[in-house]
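What follows are several structures.
Below, chain A partners chain B and then partners chain C, in two separate complexes.
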Partner chain A sequence: MRKQFKAVALSLALAFAAPAFAQDELNFDAYREMLADGNPAELYEMEGEELWRTARGPKNATLEQCDLGLGAGVVPGAAAQLPRHFADTDRVQDLESRLMYCMETLQGIPSEQIIKGKFLKDERAKLAALVAYVVTHSNGEKIAIDLSHPKMKEMYALGEKAFYYRTGAMDFACSSCHSQDGKRIRATQLPNITKPEGAAAGWGSWPAYRVSNSQFWTMQHRLWDCFRQQRTAEPIFASDVTIALSVFMAGKGNGAEAVWPGVKR
Partner chain B sequence: MASPMRIRAAAKDGVTEVRVLMAHVMETGQRKDSSGALIPAHFITELSARHNDKLVLSAQFGPSVSTNPYLAFKFNGGAKGDKLAVTWVDNKGDTRSDEVQIA
Partner chain C sequence: MKKLFIVAPLALCASVAMADELQAKVEDMMLKSFQANGIATLERQKQDEVQKACSSPTPPDADTMKRLEAAEMATIKWPADGHYIDGDWKEGQKIALSGRGLTWTDKTPDNNGGGCYNCHAMDPKEVSAGTIGVSLEGYGKTRGNSEEVIKYTWGKLWNSKAYNACSDMPRNGFGGILTEVQIRHVMAYLFDPASPVNQ
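Coming up: the complex of A and B.
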């Protein structure tokens, strides 16, 4: 809490000292370029690849038979087409919830353990490493989620509704912070997610390694933090609303290139 | 046990470019945890890189280097298939060595 006050005080001081920083003066592209060379997300990817192949859990099995939508064990390109409707579960699943399902069915690791767990800890941390591994194999692919299934349409509509739904102590919606062009907070651009370019910029650059805290964050983690920034109730890990928001953003961003894993402030 | 590094080494026109990503907490010893207790210092102190067993870089690291450090450097020489090995040691005596073939 104290840290937050300090940050506010600092940004106020900066605002007075240097009014109206032009957006391009910060040169986000140069910043990103410098960060992208040697993105430490690679360390998580290595760990994830190892985890994918390691026999673990009560069933002592690997994840090599996990079907991420393109067939058992197929990793390349899979993340670019998620979230999707899966016939075997008859549910729309994002990468995290699908991996969680594979960990439960193949390895016997209970999903509850991850849902009730904490970010960056235990099985949820392992799940994040697996996410790093899977998305790396869709780096540069075009976002291509299939919205034709009725359950995908339903999730898209729910996501759109959630995006504009004002709630919490400040009466904020996602759209309160993400529906204008050219906005930034500190050294982070705030994409306008109501437009395809903005949706693609947001969806297609997470999961990401954050240099400010040396942590690798999945999209579930990103969304959880935005719920917090919205000052509203904490979302349940991999719950329908988080997947719906993902379908909304990915669907709007369809066709754009994904830069995975990203690297952020 | 220390986690593996990711090392990339590529030779071009008689110069080898090496890029190394290390997994390390790099605790400064000056931060406190949520209960106010000091988090003990834990950081890499020395690093060396060898090309076919010949030392090409030796560096001293300290607490000002970030978590999960990234190091890039070039040296004269090196050819495809040669060995490039990197070793670090930290203040707790933990160490890690990894090796790649130059591409």
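Coming up: the complex of A and C.
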């Protein structure tokens, strides 16, 4: 099983590594279909499930008591309702910041290790595997985040402002690339995130397995890379701007079906 | 009746105050949620006047746009020797194709790309062309090379905001994305009759 995934991933990686971007994108739907019944993200999901149940960290505890919003240990459907306001922290948290909180409180793994870490490395990589596990149990669910709490409302408003906030060396905002229908960067299609369909397409298809580099990327990772392209300074992992943008996109996409984890170029 | 008169202005004040508060919060967030990394310092998180005015779904009013555009126009550096288009189109092509530079993983601030193909079609044979900007296929051939067209194009490349304060196009010269020499090469790519753009 594992081997087969690797072989598919490798041949795709080679196909996509070619400099002619255009054909890649044009043929991509075919690849997506080919992968439909064998998403390589399954490997991460399996790793995540094991991590969820394994006693780890200074406190030698599992994550089975982690409350993702639907009660201690409840995983099915939890991701579809995130980000949300949590009474115990009195904060709005997305899946990643909530898992980080659980790792710290239940297992004693300091959040700083993850915040100061790097994507695809160490505890941040483990967190990504946990994300894969949790979102898989909301695959096909409707995005349903609850915006009624004042702190959720505020985060949504801040996210919308951040979306249009031009800054950096090239004067870009998210809106520079994601606020019109049917636009492309080179040959890559850009969702119009200012509309519910586009927001849902973006929010509801990450985290995703990226065939171009055989990596599993969480939404934090996706946003971090868009900020890089935007030429801003580096966003801090799980910082307010990342949560606010997540609330904005999920809130706009509310009601649409999530395809988790996604498969991307 | 009397009550209405009193309540309405108060409500207006309150919503203006709330908008100001939200604005202050977002500015704070756009600074505190980021960290400097390499050449991408926190200075990048502070907005200049144009960026600030163009950070909502609706552009500012016409007068504000004009005022901003005049200020941007004054920043354009025109070539002292009057040589606008005698660069090397082959170099220009490389610059137009390259989207690299200025991220926190880039080291050198010098040989940046212009990323023109991210947003524009230029050489009709290049299929991997973005659509955020207008097509520039056949640019020199269709527009000609009158002084007016050439000056406008140089100005647009140097500071796109001088012609549309809220343009999505980066300010290549003003923002230090491209050097004067690089802009000359890109000009040649647009205007040289031998350039693939004009085939």
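Throughout what follows, the second predicted complex is superposed on the first by the 231 of 265 C-alpha atoms of A that agree within 3 Å, B and C clash if a C-alpha of one lies under 4 Å from a C-alpha of the other, contacts with A are read in each partner's own complex, and residues count from 1 in each chain.
Keep in mind that, in the parts below, contacts are C-beta pairs under 8 Å (C-beta built on N, C-alpha and C of every residue); 3 or more make two chains touch, one makes a residue touch a chain.
Predicted, not measured: the structure shown is a model, and the values here were computed from it.
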Quick check on the chain A-based superposition: chain B and chain C, clash or fit? fit
In the superposed arrangement, which partner chain does A:R53 touch: chain B (first), chain C (second), both, or neither? neither
Does chain B (first) or chain C (second) touch A:A233, or do both, or does neither? second
Applying the document's definition of touch, where does A:S214 land relative to chain B and chain C: first, second, both, or neither? first
Just chain B (first), just chain C (second), both, or neither: which does A:K118 touch? neither
Once the shared chain is lined up, is A:G38 touching chain B (first), chain C (second), both, or neither of them? first
Please name the chain, chain B or chain C, that touches the greater number of residues in chain A. C
Once the two complexes are aligned on their shared chain, state how close chain B comes to chain C by Cα atoms, in whole Å. 13
Going by the contact rule set out above, which residues of chain B touch chain A in the complex? 3-4, 6, 19, 21, 23, 66-68, 70, 72
Touching chain C in the complex, chain A uses residues 20-22, 154, 157-158, 161-162, 164-173, 175-177, 179-180, 182-187, 194, 228-229, 231-236, 239-242, 244
Of all residues in chain C, which touch chain A in the complex? 22-23, 25-26, 29-30, 32-37, 40-42, 44-47, 50-52, 54-57, 99, 102-105, 117-119, 127-132, 161, 168, 170-171, 175-177
Complex contacts: residues of chain A adjacent to chain B: 37-38, 40, 42-43, 46-47, 211, 214
